[in-house]
């Protein structure tokens, strides 16, 4: 078995999410970075490649060039997959081209710019049978996996209610007017898509809720707002949810919640128990019972499920964080690619990462939110 | 100046909220319990009066008898006010009779059984000029008052968003079927009113949000549900809010949230700051800023507002709780009655307790929630 | 049965601990304040009595006068007990006089100024068979009682280690130089006694540790310090402990720990479990296990011990605080006095409050700390 | 500039700390693993090398073989440094040999088995001028660096008191009797050294306290105990400290604290402020003031010091953990080696990792603890 080779699109020096992907990919030692088209600016791309110790001839001016050139290298030298870490409007083109040229893909969320693009990628993955991971990274946390296992094995009974929230405060002022890069593209409809806050973080909340509960949102009622004057996209949104099993839900996301960081929190209530997990302190899962004290499940403890244990690197008491959760996606992806190379079925524990179908659901969620916000009807169904 | 004399309606031995009212009234030494009609069962009423050291002749068989008889006693011996701690459907009749006979009133929430009754009490208080306090007790916490002061003095700028939630878990099973008394009347439409969960605790959330922000809910979109089979009233409800200044909001209340106690939490976000307060740990107020670390304001600290300080009994570090907050309502009420007896205007710090008008808003809120739940329109306006 | 009558020594208007005792006494309705010698300044004493609605003839100029005069009143009118809330050097004289004249006593801690005085009071209580409660109030918290029950019934096995700490920050500067009254007497050897910080709060830590574990400190090694220049008494102290069963311990108290309020925390570790309780959030008890998740026991929950339940006034979710814990001492004391009046044995649940013997142990603890601090030997035994 | 090449001694498959070192080394992409002697069992070493994608000829049977063989490879191919992750008694021999052969070293703590060995390594590093990092990893956390900066720049005034504690519970039973490997060597004097608990984790506490405060422990009074029957080394220890500036301290470490994970917590109090940091929630630093609310400093926020920022990889709200802190040591070490290769002075921000001198202090600390435990004198001075 050999290390899996990554080519990166976007993520030049100074980029936040590109650095996250690189560290997540490298952490476990199963992946090496072999090439990249790190920026639309060729000089910046070169400088970035140099900073990461790549030879000049593996640093490309564009993703098209990278895909074309790498394809001509011999197996075992050329990249095995493309990691796409560009702004939202530039997810679809390289993803499509990579798939069409036989490369597996890791793509940042949201999957695409429109539902139509998302459906096209779903079809393409189906057709090519390539491996596609979407980095809804919060599902990578061990205790999120523990929560999912507990729901699946009936530990809290039939789900009745889900509350999921993701408040941030970093866009509480008109930061984009200051030239801050992240704020710039994330509030720009031409680069971010039809939704700002909901596309950026609301979809994480939606994905987390569906991942843990195994339920699907059936219909919703949304109130998306732009609360900072002059902004073009929503920076806050509140949503009532109804799930396919009849459970009720509340989902909200916000980027104007002054002083909040990434306060993603989910609470799931079933007939016989409840679960609560908070991303800011991700190594604790509250498990609630009808007639017993609340229990604190902690990352790495011996009594956790096999699936949670398989996504923990260190014994309990050594806090794991965002990068480790992110790296769980890359590790599982790499293990699936290695299995593919070996002509084997990957172990089941590794077949656990967000897929292109999750990406489509995210796009449908955004579409439904906007439809609902513009509607005077109370409930709008979410397409499948 | 003398102690103020309380007569109690309801709250016989074993009753939860009656005991709370008695302790809250006694704590500061300004009030004494002088009489009561503690139960519709005369023997239970007698036994209760005895347990609280009342002479037999001041323990009555009914509130009508109490009000009639006490009225005939000389001033300074007869009760000064009536405290009403009966189930919801029995708030209006004694409140009305007390006011009509010249007694001040402290009434548990909700104010009445219907909006019409509530309006009648508002009119009666206006006409009689008697003092009427409604025990929306959560507004009695010192740090809730601090939060209100900070909003009022512009510390967090114009309010943009409010999130208020009140999950409980005690009705997650069909407890009323077991004969548990509290569960019995609170889930019974003939004693509890048009709403279960929302009437019981959703109104506390509504009152807290309006109290802290000084805003009024203008319209809302509600999804009230009955999630425990066989129950007649809502036991869970999720609501989108719009306030009169344009701020957005989320309010939810639940009695099926397994493992949650009285997890009333409010988060208020303005243009320049945020506030967060959690009833389970009521001595901390999180104050959030655009460019500074979050600050932990604590009950009793020297840098709090005068109004917060005036509702704190002990220096910081000595946790104050639910009873002290409740007692703040009684203390303020008693001070206003003493001022009335002295023919003076009460100090402004004491003119701070929930009123009959707050009670009317609570009833309107319930009415609007039910209207919205039964409507296919997204937004329903809340009457004034 | 009738209410028990309290006469108070000290605690005039503006006094911190006097107000606490009054509220704690009144909360449950079993005690009434009937007289007092509230201040060595007769005018202040009068004004204080008036503020608390006492008739002038029951407000005395001195405790001697109060005890003498009250003794001449008929039973049922005269006070039943004396509450002593003066600075430390004035605990012994009124306590002694009260006992000698047949009055029960509630005394603030420390019991006395010297070990000799403490032994005299122990003897006097034994001789008179009067009821004597010392307000080591932290043992009044329901979850402290739960912890004690759990140790007693073997839930955590044989105790191996105890860590108890009580850091405060209010004396981090030379506050006494500013004329602040509390700081003044608490740092003055002539009024506070041989120790400052340890006498004031270290004894609470010692009492809590012995109360919960049922163990006794056998020997100790102390490092008491005065860290604020110019101060005469210790304001910080660190102590190694050895208990009579061989368990090890750490105890520290501090009044120079900037930013800490009353951060009394205790952790007890046995062979099979652990307990952790923190006074700043007193409604949670962490229960730790060898092979299970940590459990959060919460005040008022149904699964707590009978003794914890008997010291809780409201269902879970309604935070109880310092005053309620304090009031548990007064309630139990009052119930024992009522039983005495009725010629009955008090119920066992009420025979649970700190006694004159606890006070003696506190004095011995202080004495041993000072001996150890001044010794070059490692271990100093604590007398019995 | 090129990646730095690591050879590893110890840390074969299944080893806890070896895996930590590998992930920490790889995370930032500046280091590659090129060879190893992963186990004293050659087959296990081979299998481990294979799992980490090493060619067979770079996997050695012993550290002696590795160092000898690698030395003969050309620069740019041979390893640049040795990472030593063996049990304690096997730190010194490979460290010494590596230094003598011109390789830089990263060594797990404790530095050596005896003070004499430690002094020899100090001398050898001095003589060879090679770069030596000791993985007292807790000093790698961004907020620990923030704390150190705040002390250094006088934000809390002159230090008066330090409380540092490190309770664990994993050795509360006689785990070593079950054959558990970690428990086996850590409780065995022939592999672990003169102290068990204190050598393993007490030294982390000591190192953290001296790192943050910039003070040195001058003398101490220790009570080390073996609380689990049949164990040979201490599993619990409580220590009074005095620092070189006169500050007082308490340090304790325990491995029998049932239910505790790695609850390393430090509190530092100065004349004008206080700091509190807890390893289990490492992204929050409590900053305490004389007259202001406590502030919550959070990893990644804009207002932190440059040195904290330089050790943070992702913006605030993305929890960083144990591995990232560990990786900060490796990143800084790698940057210093790169500078050495380039003949340059490393940037100052990178010259921040625990050194061989820190390792010597750890060994002296252990020695002093044991001396004190066996002494009847109260204070024992710590050598330099």
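Letters A, B, C and D mark the chains in the order given here, with residues in each chain numbered from 1 onward.
Keep in mind that, in the parts below, contacts are C-beta pairs under 8 Å (C-beta built on N, C-alpha and C of every residue); 3 or more make two chains touch, one makes a residue touch a chain.
Bear in mind the structure is a predicted one, so any value in this text is a computation, not a measurement.
K.L.:
Answer with same or different: of all residue numbers used at the interface between subunit B and subunit C, are over half used by both copies?
P.N.:
Subunit B vs subunit C: same; shared/all numbers exceeds half.
K.L.:
Report which interface contains more C-beta contacts, comparing B-D against A-D.
P.N.:
Pair with the higher count of C-beta contacts: A-D.
K.L.:
From the C-alpha centre of subunit B to that of subunit D, how far is it in Å?
P.N.:
Whole-Å distance between the two chain centres: 55.
K.L.:
Just curious, how far off is subunit D from subunit A if you go by their C-alpha centres, in Å?
P.N.:
34
K.L.:
Counting only residues that touch at least two other chains, what does the list for subunit B look like?
P.N.:
294, 298
K.L.:
Which residues, counting only subunit A, touch subunit D once they are in their complex?
P.N.:
1-3, 16, 19-20, 22-23, 26-29, 33, 52-53, 168, 261-263, 279-283, 298, 313-324
K.L.:
In the complex, go through subunit B and note every residue touching subunit D.
P.N.:
Checking each residue of subunit B against subunit D gives 287, 291-298, 301-303.
K.L.:
List the residues on subunit B that touch subunit A in their complex, please.
P.N.:
Against subunit A, subunit B makes touches at 156, 160-161, 163, 165, 167, 169, 172-173, 221, 223, 225, 227, 236, 238, 240, 242, 248-250, 252, 254, 256-260, 267, 269-274, 286, 288-290, 294, 375-379.
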